[in-house]
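To start, the structure under review is shown below, and the notes come after it.
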Amino acid sequence: MKIEISRHKVHNAFAQKVEEISGQNLFACYQCGNCTAGCPVSFAMDLGPHQVIRFSLLGLEEEVLESNTFWICASCLQCTSRCPKGLDIARIMEALRLVILRKKERLDHLEVAELSKEFLERIPQIALISGLRKFSS
Amino acid sequence: MDRIGVVLCPCELEGVPLFNPEVVVETLKGRGEVLPLIHDPPICSESGMEAIRAFVENNELDRVVVACSKPELFGPPFKKALRRWGLNPSLSEVLGIPPAPERASEGGIQEALRVIQNGIDEIRGRKPSKSQKSPFVKRVMVIGGGITGITASIDLGNAGYEVLLVDRLPSIGGRMLQLSETFPTLDCAQCTLTPKTVETGQHPHIRLITHAEVESVSGDVGNFLVKIRRKAAYVDWEKCTGCGLCQEKCPSKVPSEFERGVGLGKAIYTLSPQAVPNKPVINREVCRYFTKGKCRVCEKVCPAGAIDYDQEDTLIEERVGAIIVATGFDLYPKEEIGEYGYGDVPDVIDGLAFERLNSASGPTAGEIRRPSDGRVPKEVVFIQCVASRDPERYMPYCSRACCMYTAKHARLYKHKVHDGRAYIFYMDIRSMGKGYEEFIQQGVEEEGILYLRGRVSRLFRDNNHVVVWGADTLTGKKVEIAADMVVLATAMIPSRGAKELAEKLHIGTDEYGFLTEAQWKLYPVESGVEGIYLAGCAQGPKDIADTVAQGNAAASKVQALFAQH
Amino acid sequence: MVYLYFPGCTLYTKAQNLDEAGRECAKVLGFELKELSNWTCCGATFPLAKDNIMALAPPVRILARAKEEGSTLTTLCSVCFNVIKRTNQLIKGDEEKREKVNTFIEMDYQGDVRVLHYLEILKQEVGFDTIKATMKRDLQGMKVAPFYGCMLLRPFEEMQFDDKEAPTIFEELLEAISCEPVDFPYKIECCGAFQSVGAPEVATECAYAVLNSALKNGAEAVTTTCPLCQFNMDSMQKEIHEHHNDFRGIPVIYFTQLLALALGLPAEKLEFQRNDVDPRPLLKEKGLI
């Protein structure tokens, strides 16, 4: 329950990487929770989008990257369209996915091989392509 | 030939190596009879002012151009000093030059010199303003008859000055008249306000010009010529006794603006039973006679024969020496807020509508009943910062009063509906006034009001409920509430027409349309025009306590001005 | 009027029921859908990373080709529409990215193709009044819930498609073809999108919420513009039933299928067998087939 913060941790290299990929200023978030409130999939997240932004700003890389939040995000842009501070939260979620997918280990979130043949036959191309775009390196 | 001197505050030289005194002196000296002065210490200090006086006297100057970075601060005391030294202040000018960092470049220096040179050219040949010669009129016009305007009017009337109090509505009282109780004492708003409105109406030095708008203003301090359009009331107020029979018998019931859509009014109406003046007007947009050509019920029942369907607008011309602008606020229209249903969900109301629901003189006689079906709501959600603190989509500023009035709403709700639950979505609680924080805490601890820290992203109607999707950032969770009623604390915005009025008065407005004061900290009720003062929510969102203080301040400024003549 | 038509990855296969009916309707309504030659997949997601220039290459190539073959590009799929329209705006406004992408694909595209969704053609170019006048079959006031989803509307500033919180274009169409549009709060929510492959249990919850809201508001059918919405809300109803015993089920019909019916096209041509929840019993009950 305790975190130690210092000038080295707050807005650290990880936070800056998230900012660079997303083009968003993490300091601009005033933690109103509007993103979490309107998110159609926040019920399944272990951290709300607003918490992910806070954790990222504090430089808590491990905690953020262990959360399922950005893997659950469906890029529906509801958060982005209503953010009072004009933050494009969907871009922050994308950045977090990419922080992981761009690592040299290439830890894909979705392996096509794990999908059943029956399911692969059922799903439309659009689902598979967009899913792979979001979940694999 | 005019003798013009230039004063440059030394603060303007600090840290700007290129902008050295020699360059300025040499440049300006080369331009005729101008006598430049570079002075040390700063001009706003006592010794600085003394040095300017010596400069003026020794050089027998009659006009002075001052260049500094805070003209709004230095201007007023300097003009007073000029008057003391026997110079006509309207022939001198205090100029603002670009800030130091910009002046550190060659372009910046040229720009500063250009501003100074323009100032010199502008006052050379300037004629003394007429008002210096014409008599100084010690009467004042107060625009806006809300609590601010009333406060200022009573102060000025008590000081013996004649006041014209102009209001757009048929009677005075403004927004406060719509309120049920006021924080943090929960006093009945009408009981607090009515003695004031009555005092205003009966004051020997205050003349009410209601149902009227300012048409034009010319002249300047001491002698403004104002034209006021008094809109046709279709009732002869001289004859009307205020018996109220016309309102009682009027057959058209229409949604009333005063009741904020939660109650009905008549086509011939006064704003309240205690209206001052207690005289009705006809709303011709909805009156059956005016819209359909027949009815005339009010005319038939009026025992005084006061109804006059042919009445026309009248123009009133008056001379006043000073003007106080106290035009108040509106609420941001909920009809423009898409995520909260564009005003189409009947049980989603704004704060003023809740005041009417809770008011003993309101449409439900003070019972909390929701608009859609008249049931007593048991789950009530209050949302703060609606269209406030939202720089991306609505207003970026804090509306200041909402934290307190929402707490008040929730508490008043709990006083009436004991088994109901009140939820307040908030971002921060701003309770800085006297007794305010205690008021909030009492509501939480003793009345069980549940504060949820987060915004509401969306709400929508679902059968009998209003579904609210909010966040509780303290648990980190999305919160869904099936509410019976939702009250939005929408942003305070300048009242309709404030910007147009400001243009008529040649006073400034900010990007949102609030009137701009001469200087935020030290000249909070002065406008940029001498003799015109601002007070209340026309200048920015504030609560009653602050607005009354500004009404007092504006009135004392006018008294000080009048005392000089 | 000739519109360049970009079918996208799914319309030749799983979404033939969207494609075929759309092409047939165009013929009846007197506008030509000229299929873009040599088209590729648009990528099915607009790249949200500021540094992801690569993902812009396919949609820019599509747009550049459209520029060579005409002036207005249209799609039926709302994901394609979103990707192509956003890319178009980006290329028009961002000189640096424009140059990079153009260098990469060896084309010179400036962002000057007009991108319209098929629904916009119906409203702005054909006119709902014309559609009403051309109608051959009365759809009997069938209660249809129009599902907009995300991609037609958001981001609002870039899509400029309709009101972001209370769009109406779909309702206007439904009224023109004598359906009764059902207003329901979830019409602008998310179907679950690509989570049908990432977290299917999450996607089915989303779809369930949408469908249930439509049912609660009296809908007999739901209509969509998007093969991904269609999959999540139609094909995945089997999975929804597994989690929600009370779920009644509801047919989900592409808007082009409804329009084609209204225009009097033969039902056999409309590929209703491809809709997983068979809409034909409902259509029979209404006397439409």
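When the chains are written out, they are named A, B and C in that same order, and each has its own residue count from 1.
Assume contacts are C-beta pairs under 8 Å (C-beta built on N, C-alpha and C of every residue); 3 or more make two chains touch, one makes a residue touch a chain.
Bear in mind that the values here come from a model prediction, so they are computed numbers and not experimental data.
J.: Could you compare the number of C-beta pairs in contact for A-B with that for B-C and name the larger?
T.: A-B
J.: Specify the chain most distant from chain B by Cα centroid.
T.: It is C.
J.: Can you work out the whole-Å distance between the CA centroids of chain A and chain C?
T.: 26
J.: With chain centres defined as C-alpha means, what is the inter-centre distance between chain A and chain B in Å?
T.: 45
J.: When the C-alpha atoms of chain B and chain C are each averaged to a single point, how far apart are the two points in Å?
T.: Distance between chain centres: 49 Å.
J.: Tell me, which residues of chain A touch at least two other chains?
T.: Those would be 43, 78.
J.: Specify, in ascending order, the residues of chain B that touch 2 or more different other chains.
T.: 339, 458
J.: Give me the residues of chain C that touch two or more other chains.
T.: Within chain C, residues 164 contact more than one other chain.
J.: Show me the residue ranges of chain B that touch chain C in the complex, using the header's touch definition.
T.: Within the complex, chain B touches chain C at residues 338-339, 342, 458, 460-463, 467.
J.: Residues of chain B touching chain A in their complex?
T.: By the definition above, chain B touches chain A via 339, 385, 389-394, 427, 453-458, 469-473, 476-479.
J.: Which stretch or stretches of chain C touch chain A in the complex?
T.: Residue positions touching the partner: 8-10, 13-15, 41, 43-45, 47-52, 55, 77, 79, 149-150, 153-156, 164, 189-190, 192-199, 201-203, 205-206, 209, 227-228, 230-231, 235.
J.: Would you mind writing out the residues of chain A in touch with chain C in their complex?
T.: Interface residues on chain A, with respect to chain C: 20-23, 40-41, 43-44, 71-72, 74-78, 80-81, 88, 90-91, 93-95, 98, 109-110, 115, 122-135.
J.: Give the list of chain A residues in touch with chain B in this complex.
T.: Touching chain B from chain A are residues 30-39, 42-43, 47-48, 50-51, 78, 82-86.
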